[in-house]
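Please go over the structures that come below.
You will see two complexes here that share subunit A, one where it goes with subunit B and one where it goes with subunit C.
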Partner chain A sequence: MDDVKSNDSLILYIQNLFHDSADLIVRKITWKDGDGIICFFSTMTESSEVNKQIEILRLRSIAELPNWAGTATSSVEAFSVPKLVNSVTNGFVAIFFPATNLLMTITIPSFEVRSTTEPTNEFVIRGPHEGFVESIDKNISLIRKHLPIPDLVRKDILIGTDTNTKVTYVYIESIADKNVVNEVKTRLKNIDRSKIYSIGQIEDYLEDSVWSPFPQFLNTERPDRAVANLLEGKIVIFTDQSPSALIAPVTFFSFYESPDDFNGRVIVGSFFRMLRLFSFLIAVFLPAFYIAVVGFHSEILPFDLSRKVKLAVEFIPYRPIIEALIVELFIEIIREATIRLPAPIGPTIGIVGGLVIGDAIVNAGLVSNLMVVVVAMTAISSFVVPSVEMNTTIRIIRFPFMLAATFFGFFGIAILALILFIHLLNRSSLNQPYLSPVVPFDPSRFKNIFFRLPYYKNHKQQQTFKHGGGKRKKGDRN
Partner chain B sequence: MNFNISRGQFFLLLFIVQSGSSFFSFPSPFINAAGRDAWLIFLVAGAFHYVMLLFYEQNYKHFKIGQIVGWLYKGYWLFVSIVYLAYVDYTLAVWGFPKTPQFIVIAVLVSVSLYANLSRAETVINLSVLLIPLILLFLVFLQFAWKDLVWTNLFPVGESTSVEWTKGLLKAQLAFIGIELYLFFRKHVDKKQKIKGRPLFVYQLVWFLFFFFSVVIILLYFTPKGLERIPEPLLFLLKAQEVTFVERLDLFFLYIWTVWTIVTVTIISFAALYVHRLHSTKHDKRDTIIWHILLVLLPMLFLSKQSMEQLNDLIIYVYLVFGLLVPVTVIITNRRKRK
Partner chain C sequence: MKKILLVSIACSLLLAGCWDERLYKDITIVPLMGYDGEPGKWTGYFTHAVVANPDSISFSTVEGSGVSIEEARLDANRKTSESLDPTQVLVVLLSTKAVKTDLLETFDIAYRMPRTRLSSRFVVVEGDLAPFMEKTEKMGKEVPDYYDETLNTAIFASIIPDEDIQLAVRLLLDEGIDLQLPYVKMSETTGTPEVAGVALFSDKVFSGHTLDTKESTIIQILKKKPGDETMFTFEWEKEGKKYPVTVGLVKYNKKWNIKDSKINAAYKMKVQVNEFAYNHLDEEKKRKELEGFLSKELTNDFNEVIKKLQEAKSDPVGFGRTVRAFHPHLWKKGKWQDTFSELDINVKVDVEITRTGIIN
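Presenting the complex of A and B:
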């Protein structure tokens, strides 16, 4: 700054700093102790409010109030170029006073944020119909609306030297495990990357095992789901410009819980929870089971059923695995297409793809009608899980099972199931066991996997793989 | 290796290893040797098992082994694993994969143990949890045979000769194999949890009832003559059951038993590597891989029916050395040294 000799050259310097951007406002303003330079982006600031705030601050300055710049919306600090850049790019109004070398920042943001609509991929029948949006502040306000308590702590961290992405983690001080909070903090601080623009990137850095197909963070756009998890001692992580929140530490079974369980009746909630877990078994094992039965063990079926299966596959020109792959691939293509298609056409394509082409493919003798039934049931079962990540995981892991069944029949399925179980035993979410409360076994929480109990009390997750490592709050029941 | 386990985890691990491979292979040789009084003989064997557990519980703190005894145990567990793997591979070849090269099946079986043993200790310890629902399912399906059971088959009692009693008690030791793990893992059980007294008795009861139930149900279902020709009577019994939804129940349980055996071999491998690490902390991963290569190669030498029968006869005597003789010797020696 030594080369900056006058306010005009200072204005030019700031304009150059922001490459003379068209929405940048840099002007000289008159102040009590000499001129100041005001600087802000008109597209990120409520311009009509700027003059009002400046007038208020000017009057405070003239009245010589102690700490005249410190108000609810403004603050003052020693000037530095990085601070100026950071303030302006984050939507603050910055006023630099060259005479005193102070930088005053005023918060008058004006960002376009959509309204809080219900997330399209996490519908519930009963319960709040609001969702997170692409603004951290608005998302935190939604959580604070549910949890008006002083124990709710918010911590911010800026990640990405080029993108300056704000990452926020939220937890309840009295419930969350301090080690887990510190772990999140450390992992976030260790992210050494210049460009961070999505929550998926953050997830990659935070996960214990990035190569596992199983998600170790629960993604949600629902404030009520985030709040329920906060009350269980978990940590919720947001990034700016993303409507998704990451929740951890979680267990495998967390992905099978839905807010609907607690909004509906006890028995109904329990029934659907068990149904979801059963759907996991169908989604992963059914096609493999079918392939094993047709290819290796047709004798296990009762005679009548066995005859029908044989009749169905008799004229199919290739092995069941090829049949299964054709139909599975076909279903995946329809699913992918319906996501990208405009909303009014999507269901039509689904019907045409599913019914018309499905029927034609069977009539043409390319696949058997039984295989279509099996794959359709599998596809529907995989969509039962109330988590998009787990849903995709299930859809992927059934392929190795199908291959194992092709080579070894039931033996292959049994071996792969064992390997899958070991894989899940090895997994952790923020260093905490993924299969808890089954392993390590916790009888007091085990029932929660299957039953939604009559009333809901927050509980904490098992914290280590070692026996006796889990801590519980006195009075916790579920 | 530092790990802490609960009482439940400890007993489950012990139960799985003891029942692992032998529960299908145990009843036939035992009943053939013991005759009609097999169930009475097993009552006596059960009492002996309890005495052993009490002895182990009393003295496990004195069971400290040196490098030589450690190597002997590693050899013993290698032998037990080979017998189990050869047996399961032979059975699979007969029931499921007559044309598949046997080394492929063994390699697939061993790969699971390798994966688990390259993971953290808690993974192997908790692996048995997967079997709990499968064991319950097995017991439930055995109940379907109740209408075919002939209750008078249990009587008359007292007809077995002293030779049959001796042979029966010896063959009953098949169900004891794995009990020696008690001495190795007992010290890792949570100090706050009591083992002595009721918990130990409950474990004894569960172990006893499980094997006793399988012996009794086979005695009630088969005639002694018929049993001589059936190597896996439990599988045969399941095969004979008629249920509406499935024609061959036995096939499901064949694979459940396969999983059971794999878990057993995994735990035994874990025990061997645990003992190995007591005296050698270097090259953990390399040693684990070498152990599993041996597990793939050595069973290949014993895949014929004759070898299987010889190994099944031999394993009892090897067990008596390492489950009874060596522990008693080590414990007495250490107690004397302490004095």
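Presenting the complex of A and C:
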């Protein structure tokens, strides 16, 4: 009776060791001299193979072979907790015999998942070229491969009474903010829809403010990006059958960081990080600035430049805003068209649309050549951001700026920029400030926005967010 | 309530009336303006851009008259297809007659309206203004570009001060220093306008005195605001033969010693020898000889310039600023320009040759 009790408490103890991870299997099995406890991550092992291996070993032990546990796939050693943890997190099946205090490990890995390809919308130059696939287990195993630690916790929730979609969130227990983890859990539990099947629907439920044009979750299909964010204390959310993961809580500046930053060298990485932030300013403000200059503030042009501008705009029949909208519309149509087109035709359309029509539209005198330069530069700048959602956001918010510039010139741009920053300051991602570390200001992390510092300089764990202050009540979603 | 608030905030944006739209294609750039006349009877000349075809831009001049310079512009405005926009102006030409009245009163509009380009420059031209607005063959480019580039070259060679209309108003208002404006003449040989030195102002009006290019260069040195390339050429006589010597200013310091109605100004200059065919400057004796010669010549030239300034009752160097700060009894004697013209001012120049070029 005592034996049974102690085995049960042992199972509980091991479960606690792994923070009760849902994919951890800890079971009692019967063995020749007393019970054993089998323990492994179901996501990292071939479960059907486990039984076969155990059967073989059991036969060997009954036959009382000397060193019956030592086979090609298994070995035995004295039990200790770190050894158990180490072997389980590395994908071994561990069997512990309390009676003899021995630990047997069997290797039955199931890492050979469908070949993972690099996500087409998140290319990097250096670094791993693998991407998530359409299976949660395989995705988690990709993460666990990077992070063989017991602190990596996976939690599953079933959502949607009709669809029974499995939503999984992963975090590192020792780093992640407990309040944020609880917040994710509460929000996921509060989803009461019968049909949920895509990650985008989950995102709508999880976001702090759905109506903001700014994304509050980072979308990625790259395991290395997910791992880097996990190590910063963030939470990664998957749904089954979807290759993209949501990462939260994020700040505005997270969208401007690329895995390339840390794969490249320090100065190069810093240069590109600043270039990306600069491109944000261009993408949002450049067309508005041009419209304001041509419509209101021509006096700020230096004389040599003003001559060129004058020549460019003199014979254009439209107002600057109409001109801008013609080119913007044109570029957006080309972009949308090339996404749908099969790969061999896409570049052709790009060339025909961009070069031929672009040149013709200027020659016909519908649009000034400067406006084409401005809009083309803006369009290219908006694609610099290494995140697809932020890219679409930027492309949309420049239209209000163009309108404001048309009606009020620089004054309008200033007012709208003010409103934009007030909006950004009020946003939050899982109740964490969106514009951190600018507001609330944190000097030690502030420089990380612009510079990619040498990795060894980050002595303290990069804790992305601080507790307390401005917490909003549950249900207050705006 | 919230709605009313939002609407009223949105409407208040419309009250920002100074941001009225002025489409760039409907206005024409005026890079060069000229004013001639006297209070109550001004004639303005405006060189404005004309875009006849999409490939090139040309300039033409239109004339207008009125009781003020703004009325002259409005008058000229009626004679052009597009509205004249003086916010791009690079150079404002003024006839000697026009600067006989207070510049501040004449150009009130330039300082009152926020759109004025404060980096444009005033230029005084000799005689009648109209011929200066015309393009001559020798200019080689458009008139506004010609003036702009000529002035920049003259600033580089420290013939004229680097002063825009913003600085001009400060100098006009300052009692301790007087304004000097670039002085442009028609060249007798080529018939093209050229920088001939500076026009001296006394208090707020043109004194009637001008300085030639060498004298105006000395003013810039006295003021300690020389351009990048300040050079002097003298003729050095040795053994019955004349050798031209050209020296460029490298570095110098000034020291003014002011004692009741007497100013001793000492300038210690380090120069480089750019041209000296007699050669052998590596020998100390020759160098000392040349240094002595240069010091003497420059001291003479400097003192001559001071005399001319006193004659004109104009103090563009700014002795008055130092006097006002440190010698109140001298400052309080009366109007500074009068005091200045009677002061005993001695300039002493010490030249030291520090660079002799790559041959000895």
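Just so it is clear, the second predicted complex is superposed on the first by the 341 of 478 C-alpha atoms of A that agree within 3 Å, B and C clash if a C-alpha of one lies under 4 Å from a C-alpha of the other, contacts with A are read in each partner's own complex, and residues count from 1 in each chain.
To be clear about the criterion, a contact is a pair of C-beta atoms (placed from the backbone, for glycine too) under 8 Å apart; a residue touches a chain by one contact, two chains touch by 3 or more.
Since the structure is predicted, the reported quantities are computational estimates derived from the model, not experimental observations.
Superposition model on subunit A: subunit B and subunit C are shown in a clashing arrangement. Contacts of A:19 after superposition: neither subunit B nor subunit C is touched. Touch criterion met: A:441 reaches subunit B, while subunit C stays clear of it. Of the two partner chains placed around the shared chain by superposition, subunit B and subunit C are both touched by A:299.
In the superposition on chain A, A:309 contacts subunit C only, with no contact to subunit B. Contacts of A:408 after superposition on the shared chain: both subunit B and subunit C are touched. Of the two partner chains placed by the overlay, only subunit B lies in contact with A:418; subunit C stays clear of it. Touch criterion not met for A:340: it reaches neither subunit B nor subunit C.
By the document's definition of touching, neither partner reaches A:178: not subunit B, not subunit C.
One listed stretch of subunit B collides with subunit C once both complexes sit on chain A; from 97-105, 187-195 or 277-285, that stretch is 97-105. Across the two superposed structures, the residue set of subunit A contacted by subunit B and also by subunit C is 296, 299, 301, 303, 306, 408-411, 415.
Of all residues in subunit C, only 13, 16, 19-25, 27, 29, 31, 49, 51, 54-57, 85, 87-88, 90, 115, 117, 144, 148 touch subunit A in the complex they form. Those residues of subunit A whose C-beta lies close enough to touch subunit C in the complex are 293-296, 298-299, 301, 303, 306-307, 309-311, 313-316, 319-320, 365, 408-412, 415. For subunit B in complex with subunit A, the touching residues are 3-6, 8-9, 92, 96-97, 100, 105, 108-109, 111-112, 115-116, 119-120, 122-123, 126-127, 129-130, 190, 192, 244-248, 251-252, 255-256, 258-259, 262-263. The residues of subunit A lying in touch with subunit B in their complex are 296-297, 299-303, 306, 408-411, 413-415, 417-419, 421-422, 425-426, 435, 438-441, 465-468.
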